[in-house]
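For reference, the structures are reproduced in the following blocks.
The two complexes that follow have chain A in common; it is paired with chain B in the first and with chain C in the second.
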Partner chain A sequence: MNNFSISLKAAKDVVVIMPRGYVNDLGAERLEHTCEQYFDKGLKKIVINFSDMQHINSIGASVLTDIVQKTAEHRGYLCFTNMKKVHLDVFEMLGITKHVRVFKEEKDALSFLKDIG
Partner chain B sequence: MKGRWDLKRLVFNLSSLVELGQEVTSSKGINEKMKTTLHVVTGMFSVPRAALLVYNSTRSSLEVLTYKGIRGMDGTRVYIKAKHIKTFKKNEPCSINEIKNNSFYEDNHDAFKRLQTKTFIPLFAKDEFVGAISLGNRLSRKSYLQSERDALKVIANQMSIALHNSNLFKKLTNKVTENKRLYENMRRIYHDTIQAFAAAIDAKDVYTKNHSYRVARYAVAIARELGWGEKDVEGIYVAGLLHDIGKIILDRGVINKGEELTIMEITEIRKHPQISYDILSKIKFPWKDVVDFVRHHHERVDGKGYPDSLMEADLSDGVKILALADAFDAMTTDRPYRRKLHLLEALREVRKCLGTQFDGRISRVFFRVLQKEIKGEVREAQIIPHLDKDFDPTIITTLLEGITAELSA
Partner chain C sequence: MPFRTLQEKDFFGRKGELTDLYRRCLDTEKGAAQSIFLSGLRGIGKTELLKQLFNHLFWRQDNVVPFYYSVNNAILSAAEFSRDYLTRYICQRLAFEKKETSFVYLDGLSIEGLYRVLEERKAAWALEALDSYSQNRHEPADSLRIALNLPHQSALCTGKPVVVMIDEFQRLKNLHIGGATDPMLVCLFEMPLSSRNTLHLITGNQAEIQEMPVSANLARIYVQPLRLEDAALMFLSLLDAYGINIDAAPHPLLDHLGGNPFYIRCTAGAAGLKKEPGERDFWTVYIDEVMKGNIYLYWSSVLRDSFPELSMREKAIEVINTIYHAEEPLTSDRIQRAVSLSREHTGVIANVLYLSGFVSGEFGVLRAPGDLVLMDFINCLYMREFSGKSYSDTGAVMLERTSGAKHKCISFEMTIPMIREAELVAARCLEQVGKNLHLNQDVIGQLQMAVIEACINAMEHSKGEDGKIYLSVDLKEDRLEISIESTGREFVSQEVGEPFVGRGIREDDSRGWGVKLMKNFTDSVRFEKTERGTRVVLVKKLQGAVEADKNETAANE
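Right, the complex of A and B next:
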């Protein structure tokens, strides 16, 4: 029913999450639960690579808002990468990008997170 | 630049409102529907923590239906009095600071703290208070612009209607369940009353204890085998229970007389189907033809029955079933004037009377269902449990197969 999936790449103290498809219904909550699980394990650095994300709506934005909030609660680092302009515009408009680090490429985010130790 | 952002914002908000409309009118359950709509609202305004509460008028409280971004909200309640509800502006968002001096806030300080409420939106469907939305801080920590408050009001209107409809549906469902329960109770009382009548009828005749009950059971077995629907089966069951109700006003001495009856007495006894009809025709039964079955249960297919001497073509299947069931039980039970017949003899007697007393098609169905009961091929036997156990199943089965083959030829 929903056209959403996620794939994960975990390495040392960073996890890269790649949402795929449409982040437009409650199925997107899996993204939030995945982040929560890593925070609960003590991991604090999360990269979300949006290169395979097709569409995001207010429900998807709500889920990302939750992730931003939880990252702050856990004093973690959240990076968004490989965003299409249309998605970046939505996140900027909603004020989400003020609370995350946005990078053009995934490797840039990983390099940034490596530097902060 | 600002104009471009305003336009993008407008498009995003409009598409969010469309999504909200789709959710509200979807066929999802109320919990999922409300959770999704709550996400739409919080996504539109970047609110990480929020909850939707429904009003429980019995408990005078708002109860959490769904929430996001907050832990452990289940069971959280906000107590609310009618005087507070009156002060709310319908579907208008209000800052928590605006109600901080209100006793409503003071009474629920802990609950609001747990909910992290910063904006409270009371939900009204027309004039009925149905719930509230609790919104926490926005990511930006900014307060809402007037245009955003207007959008929140539109959303609140939609959500309140969805909640109201859900409440109506719940009330309706409860009403239907209650009515079903009442109907079942009445039905049980109705059946109990009919059973009591049947017992009263049978008590009149010491030789025919439980006769009405057995006739009802036999009739049910034949009707089911004929493929009747359950409602019609219930109808013939009731007709079986009440078919002799007219005997209630007959002289007990005549009914129980152990020797040959006089012509006067026979004439008297033969009045009972008509009397039964006269009694039962005053009742509006929920099943069709009950009184017809009762009136004609002593008719014969050769037209020599009573009270109306109807011919085969004028007799309904129900009448033919009841006539056979009644006669078969009379044959297989002791009567004041003769001993009961053995099952083998009774079946031969039925066979002998085909085309005169009994209808051939209905009798074939009777033989078939009896065979099935002997072989254990029916879920619930209706005939065999009431017969004497002194018959040999193999002999009876052979006889029934022989009769069936003969009739089919």
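Right, the complex of A and C next:
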């Protein structure tokens, strides 16, 4: 039923991850695994563009807190972009937005990351 | 009498339930009987379902013996009950053997008379049972035990399993020996109810049966209200019997009657006496029924039986009215403050109201039941007896409230299976409903989020008895109510109607967030125990939501 998928855009030292469809426990775990793979390769700048995420549930959202934690462990940078208001509200409730940079557009996040060494 | 049933063509909307019960009864042959408590609201058709089942078992097969017994308030001394139960069982057992219905009607047969019949029929197992009963007939508890175990004994002796159907089971709590009521006598049913070759199907007043000590180990089957289509067919068929043919059934009224065959029969019966009734006439007939017809007689007799003393009855009506008009479930303390009663009186009245079906809330947090007709009955009674309104004024107010309200309410219903990600179906359905109602996208998103969480909770907490989630979306003037119901029970705390968190589910806190999200994205969340299991009701006020959308539309234009 779910058409969850992930598409990736990697450029130099930044990867843009675009989850598509319903982010439940399985979807969020795939997202987490993808982030981990990039961290393991030594990449530290990740942008997650949520423009194609249709729905998220509380389990999926709580898995995202693990991604936030792992980013901190790897001393990386995590940016969220193109979020619907309701999903932003969810992340605020879970306290995720205190630990990530949220941008309206993907290009704003890329611009921000470009200025970081 | 078990043979006194509706004709099959007049038995609407119960084919599925009847087939399921029939199959379960036949499965008794496999020696794995699981006794059943058939629950459901008053008037919903439990007795008729039992009688239809008896007829099916009696006429359509020879392997499983059916026994139907309706507990009579006049036969509750242990000695009399034992004799009656035993003789009726033997007579129905003999009737079944050769399909001789006359045996079922051998009322008042003496033990000596029964001996003669059994000797003629050479029924050794029954003679043996009768001997044992006769030797112990002066010991009421022993004779009761022998009578109750007789179906099981006969199954052992003859190899034919038995299905025992007991109607009005709750009356057995009044069994007595020598005039002293002993509610524990019903515990003698424990052994027969757990027999593997004798399936017991009990029914009656569900609240009272639930409180009886033997009900805990029974499988529970909830007799659903009729679906609207079946209610319409029933209504049209009943009118047809009066020679009245109408183009379409009055669906708003039938929806109001809640699929209750008793209410449908009463209303159609009264409408049948009118010439060429129209939609408005049906509502008028209904209001008359609630104010002075059979529906009135039925509920006022339940009220009288529950509160024989006049002053208590008056207080009870006040309590019910308070509960029905509260915006949320009430505890005993709040009721006590609202109606100025002592704690003791409030407790007694609340308990009787719960047992008699006027209110729901088996753990002391009381709320109106999902029965609009009963609520109308109480409203009428209150207006006339407490507010001093005349009969005609009460009728006019009720007509306006009921028939008018129906036109303002839009309702969507759907059933989704408990399969992975089925919550997305609910979310997508809600998106379309939201668009139809011109809600803005943010509000739709919030409601989708809350519904997804409610559906996941339903799946996690359901016992999987029917594997379904029942979703309804109701637009009520200024608010949207979304109800998500399933068979899960543990989800709701017994004391306060709030959900348990982290019990029997994932041990992390992520599911606790589900409830927080539901509350954050709606104006209120109610958790209710229902006949089916648990219902979560999400309420969202629409004023801002709809106006914002209209503004957007205007701006776009």
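Rule of thumb we're sticking to: the second predicted complex is superposed on the first by the 113 of 117 C-alpha atoms of A that agree within 3 Å, B and C clash if a C-alpha of one lies under 4 Å from a C-alpha of the other, contacts with A are read in each partner's own complex, and residues count from 1 in each chain.
Everything that follows uses one rule, which is that a residue touches a chain if its C-beta (ideal position, glycine included) is under 8 Å from a C-beta of that chain, and two chains touch if they have at least 3 such contacts.
Computed from a predicted model, the values in this text were never measured in an experiment.
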For A:69, select first, second, both or neither according to whether it touches chain B, chain C, the two together, or no partner. first
For A:51, decide between first (touching chain B), second (touching chain C), both and neither. neither
Can A:5 be said to touch chain B (first), chain C (second), both, or neither? neither
If you stack the two complexes on chain A, which partner ends up touching A:111: first (chain B), second (chain C), both, or neither? neither
Contacts for A:98 in the overlay, against chain B (first) and chain C (second): which applies, first, second, both or neither? first
So, A:85: does it touch chain B (first), chain C (second), both, or neither? second
Looking at A:59, would you say it contacts chain B, chain C, both, or neither? Reply first, second, both or neither. both
Which of chain B and chain C A:37 touches, first, second, both or neither: neither
Residues of chain A that sit at the chain B interface in one complex and at the chain C interface in the other, please. 24, 57-59, 61-62, 89-90, 93-94
The residues of chain C that touch chain A in their complex are 420-425, 427, 442, 445-446, 448-449, 452-453, 456, 506, 508-511, 513-514, 516-517, 520-521
Residue numbers on chain A that touch chain B, as the complex places them: 24-26, 57-63, 65-66, 68-69, 89-90, 93-96, 98-99
Which residues, counting only chain B, touch chain A once they are in their complex? 5, 8-9, 12, 15-16, 19, 32, 35-36, 39-44, 46-49, 68-69, 138-140
State the interface residues of chain A toward chain C in the complex, per the touch definition above. 1-2, 22, 24, 55-59, 61-62, 84-87, 89-90, 93-94
